[in-house]
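Dropping the structures in below, format is structure tokens.
One chain, chain A, appears in both complexes that follow, with chain B as partner in the first and chain C in the second.
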Partner chain A sequence: MQKADMVLFDTDIHNEIADQRQLLPFLPEIWHKQWMQAGTGIGMPFFSPVGVLRRDAITESGGTPGSDPSIIVKEHLDLYGFRYGLLNWGRAIEMSIHPDPDYANAIVSAHNDFMETECLTTDSRFRGSIVINHSDPAAAATEIDRMAGRHGFLQAIMCSASRMPFGQRFYHPIYEAAERNGIPIAIHPGTEGRGISGAPTPSGYPTRYMEWHNILPTNYMTHVNSLVCEGVFEKFPKLKFICIEGGISWIPHLMWRMDKNYKGLRASAPWLKGLPSEYIREHFYFTTQPIEEPDNKRHLEYLIEMGGLEDKIMYASDYPHWDFDNPQAVMRAFSPAIRGKIMGENALRLYKVGT
Partner chain B sequence: MQKADMVLFDTDIHNEIADQRQLLPFLPEIWHKQWMQAGTGIGMPFFSPVGVLRRDAITESGGTPGSDPSIIVKEHLDLYGFRYGLLNWGRAIEMSIHPDPDYANAIVSAHNDFMETECLTTDSRFRGSIVINHSDPAAAATEIDRMAGRHGFLQAIMCSASRMPFGQRFYHPIYEAAERNGIPIAIHPGTEGRGISGAPTPSGYPTRYMEWHNILPTNYMTHVNSLVCEGVFEKFPKLKFICIEGGISWIPHLMWRMDKNYKGLRASAPWLKGLPSEYIREHFYFTTQPIEEPDNKRHLEYLIEMGGLEDKIMYASDYPHWDFDNPQAVMRAFSPAIRGKIMGENALRLYKVGT
Partner chain C sequence: MTVHFVANEASIVDGKPMIVEIQGRSIGVYRIKGELFALHNYCPHAGAPLCKGAVEGTALGSNVYEYTFGRKGEIVRCPWHGWEFDIKSGISLHDPAVRAKSYKVVVEEGKVGIVLR
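Showing the complex of A and B:
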């Protein structure tokens, strides 16, 4: 199906626990009642007519898609020939927008322990993300220090919905911990407008799931812009971010607008030492899912050229979500010259793992 | 400076009253005290280090740039050879985000009367926009009915900051009135995060002017997305919108993402009869300012090709704002084949005015 020497690295697989009770051994007893009765407690007013999870990924016993690692192995890693599959959790990511930071901290820690013990051990191709609660940056930093370096953990992950843009100093303890531990930070969309985050657009709430989903990347623009403008990468020069599941076609737009404004307004950001686009290219990675599919394939190539992004894009499947991207289809969207980079090499280099 | 037969049409000039007292003859007495003491009353926490208005446009007597029509004529229309100049007001646009709709309605009406009497009469090249208060749609519709058809008024204009995305039914009386009167609706950014509008990003408030200004187009994505998804153009098939001052490079991104999602999620918008990108191309116009200036000029051409936008982009100067775009410079950014369209022909066709 692909060149024998092409490494396939899936940077976004959503695993799940099969049963709320599985988390109890890793969770302080004080939280057991709330976890069993309320779960994450984060509602979702926008209803997808096709569901959010792939129906064909429901387990034989009727369990949640992603909740049986052996199915991920057989129906995903084996089927497509992935060398690595990065497990990013599903619902646990949304704990950052829970109103109670103590509960959120306990739940993410329990998921991390469960990931180490019950998931990463099941197949040598699995890698994992440390899920953190960004609404309590000191606790998130402690969690990064606790988990980073344990076998198989490659990055920290947090949801992109938040009460403040990520460049603001409130979040800097997280970045200090990530840099100290030599791991990048991945952000993941889908929590916008939920929990304690604000309205998901500058003009309030969209009406339905499709409209809401269409503009999720605007929050990535918000965070990339903030992280660069606030000088985060002068303070933490080794820090890298991964924008998962936001596509790539908005990046040249943002780069040009930021560069143009910087030329006129740089007096307000004297800590920046170069163009905003240079910081973006240096410090951000982007995943393919959902990859843009223009009718004219050259348009995708133009975008990669415009953004200078061929070393910054990484394949992601989003398994087992409804908008899953088949790696063979994604591969064909890119020119043969850069397929290898996008399907695996860029991830191998970022995460410093061998082939 | 340009081909003798090329018509230059400036679709965004910001005029201003020179003195608060000029508005009093057009304003009911009940509002005189508030207007004289508080003006629009809309604050601006984001401070531009270069100011917002061109210093070279300050009048000889030290007056606000844009407040003397004879200076706009001499230093802008005459200097660059514009055939038409569309006056869009400056501060009056922000009345839609004032908490008191009665006050806002009175202030925009007074500006419209002032525009007719004191501005449009000063030069035959001037055209005007009817400023409306979108937070009171019934009143906005009445104002459109009152002003449309009066000599020189080509469109309604309202700020893009709002409490709800513009597709929602709350706003439909405005669209009904615009369609009834055969005029398009222009939206203008710069009020995001101010007055009664919400936070200007999905993650709260940015920190400084540059960061805030960099992501203003995300609110245009919000509104374009909402107007299409809500089926506004099935309800009002002749309605056209102009997105002023938001650039163009985000449009292909939004089109692709909306089209891709529509294929999977169209069950939630059964009123749509075609791809979202088709509605965008049919019903939206975009102005150049600030035009993207990639190092590689071909990239701008690629974008226009990707979006199918050569008939939808109109030149705008943004005079007398700090980020004014010189028409000669903008013209050179486009290939000779489409310059004529962008510098004037597209506007002549949209606004149905003769050469």
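Showing the complex of A and C:
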């Protein structure tokens, strides 16, 4: 049952461009030929029999799902009554794992300009993410400085696949810029094992899409672990980090394991001033989709309680991807005591937007 | 309060505790720069023989990517899971609420006494 005053905030909507040519006005001409002929240039070896995009979200003219903002409004925001919908791009996030940082930097900047003028202007409920290239941290910091504070942009987003764990000092310029501009950093999966990123697991490549998709959260564990242990939150105490689409149930396990090890191994991270789990609760947010569906629905809420995470979980739909979560179904997974927080209040507080 | 004399003072040397038994209780007696300290030879975490752990220095609290080595000879690291304890107080380095039991030490006429309540 949805209370009349419950705010619905969707923290993960994937918009797309309808046609490669739409980006050209925002892209230096030197890159036009490559963009038109190669696009993002990031291959995908894993095949899903479902397809990544929802077939029912294909536009009337046969266009890519998410490429017509008016359809996102009508068939998603209006249909479910969202107060806000955060646009996170789709393929543009892949640019961080492109071998050429100059091309990647140009492509993400063009997407950000397109977002500002062509997407966020179409409906007052839309908010946007600044897509950055994490493989060139100095350029990513410059892009954050350029875009943060422009109307409607709430965070910077980057893909979760990378060449190194995200806590390492190579990435710190990104976090410095995010903290300086007062915006969080979000990561999004789906790029693991593609482009110049490492293999999806330390034991190499899973065989098929299902196996690959099952194990994506281990990469999130890698990054959360790294960000805490490397002292990123001691160096950037105001930084918030959002783990989109990486699952929830593993968080208590990682907290307990990190805390246990810290007691014996603290001398190897002497900059930590408390238990690792305290940094996770203080600095991380996690989104719901694809929500875990245990046979006993209460078990998911038990895990949130174990992690002390009820203020840190945010609803996300992943519209228009195949594993979309209907908000009406997701809210039934939680008791009324925490439902409102997860469906909207936690996001309102993190992003500092009004109801 | 009872004092149990367990050793000659000269036999307790820096960096290597003497482990003694008093009323069935195993206790490590340490010397740190001339001062004597005693710890229950029992880790509050999982019951390991704490005083068989290495006597070390450690990384003190520091800024990110800075390393400050200090307290050399004042820390015992439990042989089982590596928890560090301040030999002088018994307090663990990861949480001030976690401590190994420590005992007062007295020296009379060259004899080392452990004070048990």
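In this text, the second predicted complex is superposed on the first by the 354 of 355 C-alpha atoms of A that agree within 3 Å, B and C clash if a C-alpha of one lies under 4 Å from a C-alpha of the other, contacts with A are read in each partner's own complex, and residues count from 1 in each chain.
Methods note: a residue touches a chain if its C-beta (ideal position, glycine included) is under 8 Å from a C-beta of that chain, and two chains touch if they have at least 3 such contacts.
Everything numeric here is computed off the predicted structure, so don't read it as measured data.
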Message: Contacts for A:209 in the overlay, against chain B (first) and chain C (second): which applies, first, second, both or neither?
response: first
- prompt: For A:270, is the partner it touches chain B (first), chain C (second), both, or none of the two (neither)?
  reply: second
Message: Quick one: is A:222 in contact with chain B, with chain C, with both, or with neither? Answer first, second, both or neither.
response: first
- prompt: Which of the two partners, first being chain B and second being chain C, lies in contact with A:262: first, second, both, or neither?
  reply: both
Task: Identify the partner contact of A:231: answer first if only chain B is touched, second if only chain C is, both if each is, neither if none is.
output: second
- request: Tell me which of chain B and chain C touches more residues of chain A.
  value: B
Query: Is A:162 touching the first partner chain B, the second partner chain C, both, or neither of them?
result: first
Message: For A:81, using the defined touch cut-off, is the partner it touches chain B, chain C, both, or neither? Pick first, second, both or neither.
response: neither
Query: Considering each complex separately, which residues of chain A are in contact with chain B in the first and with chain C in the second?
result: 230, 262, 264-268
Field: Footprint of chain A on chain C - complex, ascending
entry: 45, 58-68, 78, 81-84, 92-95
- prompt: Can you list the chain A residues touching chain C in their complex?
  reply: 169, 230-232, 234-235, 262-268, 270-271, 273
- line: Within the complex, chain A is touched by chain B residues 47-50, 160-168, 192-193, 197-211, 213-215, 217-219, 221-223, 225-226, 229-230, 247, 249-250, 252-254, 256-258, 260-262, 264-269, 276, 290, 292-294, 296, 299, 302, 305-306, 322-323
